[in-house]
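One structure below.
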Amino acid sequence: MSVLIDKFDVFAGGFWLTLQICVLAAVGALILGAVLAVLRISPVPPLRAVGTGYVNVFRNMPLTVVMFFAAFGLPALGSNADFLRIPVLDSLFSRLGTDLPYFRFALVALVLYTAAFVCEALRSGVNAVPAGQAEAARSLGLTFGQNLRYVVLPQSWKASIVPLGSVIIAMIKNSALVGFFGVVGDLSQTADQLTSAEGYAFVPVAIGISIGYLIMTVPLGALLDRIEKRQAVAR
Amino acid sequence: MSQQSVLYDVPGPRQRRLTLIGSAVATVLLLVGAYFLIYRPLNDKGQFSMELWGPLVDPSNENFSLVWDRIGTGFQNTLTAAALAIVSSLVVGTLLAVLRIQLKSLTRRRFTGLATPLSYLLRGLSTLLSAVTRVCVEVFRGLPVVITIFFVARGFPEFGVSFDTLWYLVIGLTIYNSVVIAEILRSGMEGLPGGQAEAAAAIGLSPLQTTRMILLPQAFRIMLPALISQLVVVLKDTSLGFIISYEETLNIGKQIIGVLDNPIQVYVVIAVMFIVVNYALSKLAQYVQRRLSRGRKTAGTPAQDPPPAALMSQSESTGQGI
Amino acid sequence: GGDDADEGTGAGSKSFAAGSTMERLNKAQAIKIGTKFDQPGFGQKGLSGKPEGFDVEVAKIIVKELGIPEDKIEWIEAPSKVREDVIVNGTVDLVAATYTINDKRKERIAFAGPYYEAGQNIMVKKDDTSITGPDSFKDGTKKVCSVTGSTPAEEIKKYVKDVATQLVLFDTYDKCRDALKGGQVDAVTTDNVILLGYIAKDEASFKLAGENFTKEPYGIGVKKEDTDFRTFINDTLEKAYADGSWKKAWDDTAGKFGAELGSAPTVNRY
Amino acid sequence: MTTGEPLIVLDSVNKWFGPLHVLDDVSLSVGRGEVVVVIGPSGSGKSTLCRAINRLEPISSGTITFDGQPLPAEGKALAKLRSEVGMVFQSFNLFAHKTILENVTLGPVKVRKEKPAAARERGLALLDRVGIANQADKFPAQLSGGQQQRVAIARALAMQPKAMLFDEPTSALDPEMVGEVLDVMTSLASEGMTMVVVTHEMGFARHAANRVIFMADGQLVEDAPPAEFFANPRSERARDFLSKILTH
Amino acid sequence: MTTGEPLIVLDSVNKWFGPLHVLDDVSLSVGRGEVVVVIGPSGSGKSTLCRAINRLEPISSGTITFDGQPLPAEGKALAKLRSEVGMVFQSFNLFAHKTILENVTLGPVKVRKEKPAAARERGLALLDRVGIANQADKFPAQLSGGQQQRVAIARALAMQPKAMLFDEPTSALDPEMVGEVLDVMTSLASEGMTMVVVTHEMGFARHAANRVIFMADGQLVEDAPPAEFFANPRSERARDFLSKILTH
């Protein structure tokens, strides 16, 4: 068990790095996912097709493959994802700005992959708004944009919170993969490092790493359960 | 689908014309963008050369049959692991769901018929058991599958139990997915109209009978689409076998790349395989969903308004995977 | 050698001390060997689905000496980080997988050999003159790639200034090589023979930067307490040095990369 | 029709949902063979009263006795009680994954341990009685609301209950289907079944009930024969309610 | 009340849902100020008829003209048409996240570009008219069904429509609340609003309608003044339907 104390800074560092990538990826995925969701519910068939195509491709591909394309396909396209070296952000999240691009690649992969699920979560929120609401709005003469803005979206975000939260939880867990794609020092890579290279006993390391993830996922899950129950009662 | 047409009107002639022009312009822009941003750089690096693609797409290539032989083996291994994992997850998940529902109703019982100390003991025991299962569910749901698989593969031998890597993968996937399936089924049962359980109680069925004969069969039906989506998740998750050297599709792909040095090409082929299979599965899930909402062999689950719990687990199940 | 492969194999074809590992394996006519599947020249699973390389050939020499036919070998992938585990847990009977002998590992397992002496080196792009050895990483700007859980990864940490911004770890060296080629890293470090494998395949792109800066004697890993088996393997290796089969194994495999075999290392009977 | 001997007795029953007093000191006795209609505004506690009688809803204080026995709290005894009190819900609640006949025979076979063949025969007879024997192998979703509700009645009858509870059995039905369900209920009443019926169908209350009970705010406000109640409601609240319901 | 000049004219309207013929060659003309009640069994196409008139449901063939103009297919013209045809739904469909007053003023402000202050004033006046001015700042969920439906009527009236469509406005209501909604509708009718009302409330049809239309299987089967229709329905189907609805 002493490894938990001796190597506390390593665990803490791993946790901190995982947290950083999760926060950044969540923000990115929410933005991209929202754009996709708008495409998917728009009245313009080609836009819908683009949204649908995106979702179908990224939802059905293992994240491992997406990670691979980000880490080795992007360089082949001549990019080191330098567009992510966003001035103020890179001083807060130092790994964003380093010359070593794998943090950025991992971020791109997580964002691309998670956005597909975010899109679906948002859409399920829109679907949860009773059809009568949109019909009533149309029957008053509201246009599609007004309908979304004044009637549907203000109601749908509530129904989206829980599915969105699940998507984010899943994303936190999925981030465990970044350690296998060149990001040194996140929680999962720490587990590997401590047990394989440094030969620490397996069980305490497993406990430490589990706690690291559970700290992020369980409270969020519990919060979602609360929200869900409250919403169920309000219905 | 019908929801979308509720948001806006069927387009009229002017709107259709606008759409047509707009999409023509967008297509051209997309093609130009793809040419400059994707085709050109890749072509400059020779990524379209037959030397790299040949072994994958050209049957006359000397390596073609060898490569596809290997990919075939890998895909078979992927399917084997996924099938085993989903079957055992279903079994374990169902038991877990029933257990949790039963424990929930058991903790509400007072055991009034029994002696006081015994009734307190039984009440304490059922509360404890229900808490333990709850904690297990939360822990295994909260851990990344990669980590679970990794822990299984490293942990089991630590305690002197060792299997083939296939079984580590299956066990790791089962631990995680059975918990998810249990939650899917549980929310399916709890999402059924309360009237079903009440009607069952009203004709004198016991809680276990009610769960087994009334709730579970209907939960299975409602959740069939979500369960099929979970299959997609499992299929994708088998690709994590690479961390424990299980020779599934991706791992074999890695070996092929080691010899042929064509990573992008091999990964494109593998991605397409996954997308095709999983897309077919999700279409199947949608089809089943539509059939169900038409046939309505479960109480009160019209297609547009699934119970909130069901909604959650559905999106969760599609969100979980790697 | 092909035509004499079956010579002297079969249960009871050789006699070993009762109760020894050799006797057990010979009786069973089956053996599980851990090796790498992704190490060109040493252990790489090709399109045929069978591993090939120097480690594999050395293992085959030992297996032959045990009186077991080659096709009875079950090859099990043993990437760097699980090698001790698979030995300790009995998943395999021996490991031949570019396995550096060191004291820390000897705490859990035992080594026969060495059968080859490699050394850690650095591979850079052909036109790169800024990296001349491990010390080039000390100023904190050059990025280097290696494999999770490997000895070279640990070793290079002694030289880099900031692990987080200079070190990249993947699960295979192939990925490191691709990263170097794509310019995401400036160097790949691991044992010279592995690097030489990559250079042989693509001489126009890569070269070694400087001399080996460690000594990496490769050994055969067996269970810690199994001294008899270790001695048996050591004897077998010495025999192979003498009769030329060791040299032939090298020439057929890693030797093609232009790496030096050198003179046969003396086995270390501890 | 009343034989005088009470089958269901509620004595000072109170029920709280959190701060909400839903049943406020309700006492009521229903004789064997009696048909009691419960009316009252929405939220007045009618459904809760009904559900309390077969303990779908446990009460906060007071006692309920059925057939001379206080209601058991749980376990086998409770299951037995419930099998003796048939219940028909507003939303039918047929088991959606079972055929009509299976819906009717499930209780007899699984709870009363009848032989499947015998249960089947009796089930078909009951379906015939409510006029839908020809639909026995369909699923609930394939039937109209009125047919489903008649199946629900048959399902309850299959347990050979001593009393039947109806909670707004016709209010989820399209108007053309209300009649067919009321017909079945009327014939049940005339055969001497003990019935507690929550309904807004004043016609049924007039023809078929022995007594009408008017509830408001959880209290039992009036309890009178239908003729008397409709002609001359004693309380202000009942008058007000009737005027609202009967105008249009 | 009829001024003779037709406001809504349907000419040989057909509507298919896939293979289902939901409106079968329906022709109908509704004069300015006329009140037309539509009745018929479930699934006969009453709702679809109603929804076709403000193009919530596009039709497959035939023409509909409103105020002399064929229904526009899209864009501003369609929005304008909709703002001139008020619609009231069975399930109220109030905007759940907006207060009562906001529900009423949303259309005038966003579609008609009225000044918020002016819209607010008129909204309050309308709420007063339907008898719920004191609830203006509550949310829909805090109101009873009857109140919600009256708000829905006020919301439609706020657009100053030339005609109003009602699709079973009272069938989701508890019986005590039906009256208050029908009262508002009756007063609207008496003020000369052109109305098409799908309903099962025969009382309303009798008192307030100029004509009753009976639909079955997508066809317009009868079209007669209420007195005549109820006393002497011409078709077998109407007779059958009426007998089922009126017995209890």
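Lettered A, B, C, D and E in written order, each chain numbered from 1.
In this section, contacts are C-beta pairs under 8 Å (C-beta built on N, C-alpha and C of every residue); 3 or more make two chains touch, one makes a residue touch a chain.
For clarity, every value in this text was computed on a predicted model and none was experimentally measured.
In a view that ignores chain A, the other chains are joined by touching into one piece.
The set of chains in contact with chain A as well as chain C comprises B.
Interface comparison, A-E versus B-E: the higher count of C-beta contacts falls to A-E. Relative to chain E, the most remote chain by averaged C-alpha coordinates is C.
Think of the whole protein's Cα atoms as having one middle point; the chain whose own Cα middle lies nearest to it is B. A rotation of 180 degrees, rounded to a multiple of 5, brings the CA atoms of chain D into register with those of chain E. Mean C-alpha positions place chain D and chain E at a centre distance of 36 Å.
The distance from the centre of chain B to the centre of chain E, each centre being the mean of the chain's C-alpha atoms, comes to 46 Å.
If you average the Cα atoms of chain A and of chain B, the two centres end up 17 Å apart. The mean-CA centres of chain B and chain C are about 39 angstrom from one another, to the nearest whole unit. Multi-chain contact residues of chain E, defined as those touching 2 or more other chains: 78. Of all residues in chain B, those touching 2 or more other chains are 9, 11, 15, 154, 242-243, 263, listed in ascending order.
Counting partners per residue, chain A has 72, 76, 130, 135, 138, 180, 192, 195 as the residues that reach two or more other chains. Looking at which chains touch one another, you get A-B, A-C, A-E, B-C, B-D, B-E, D-E.
Partner chain B is touched in their complex by these residues of chain C: 37-38, 40, 44-49, 76-79, 82, 85, 88-91, 171-172, 174, 178, 201. The touching residues of chain D, when paired with chain B in their complex, are 54, 56, 73-76, 79-83, 85-87, 89, 91-97, 106-107, 110-112, 139, 141, 152, 155-156, 159. By the touch criterion stated above, chain B contacts chain E in their complex at residues 9-15. Those residues of chain D that touch chain E in the shared complex are 41-42, 174-179, 182, 200-201, 203-204, 241, 244-245, 247-248.
Taken together, the chain B residues at the contact with chain C in this complex read 63, 66-67, 69-70, 73, 154, 157, 160, 162, 242-243, 245, 247, 254-261, 263.
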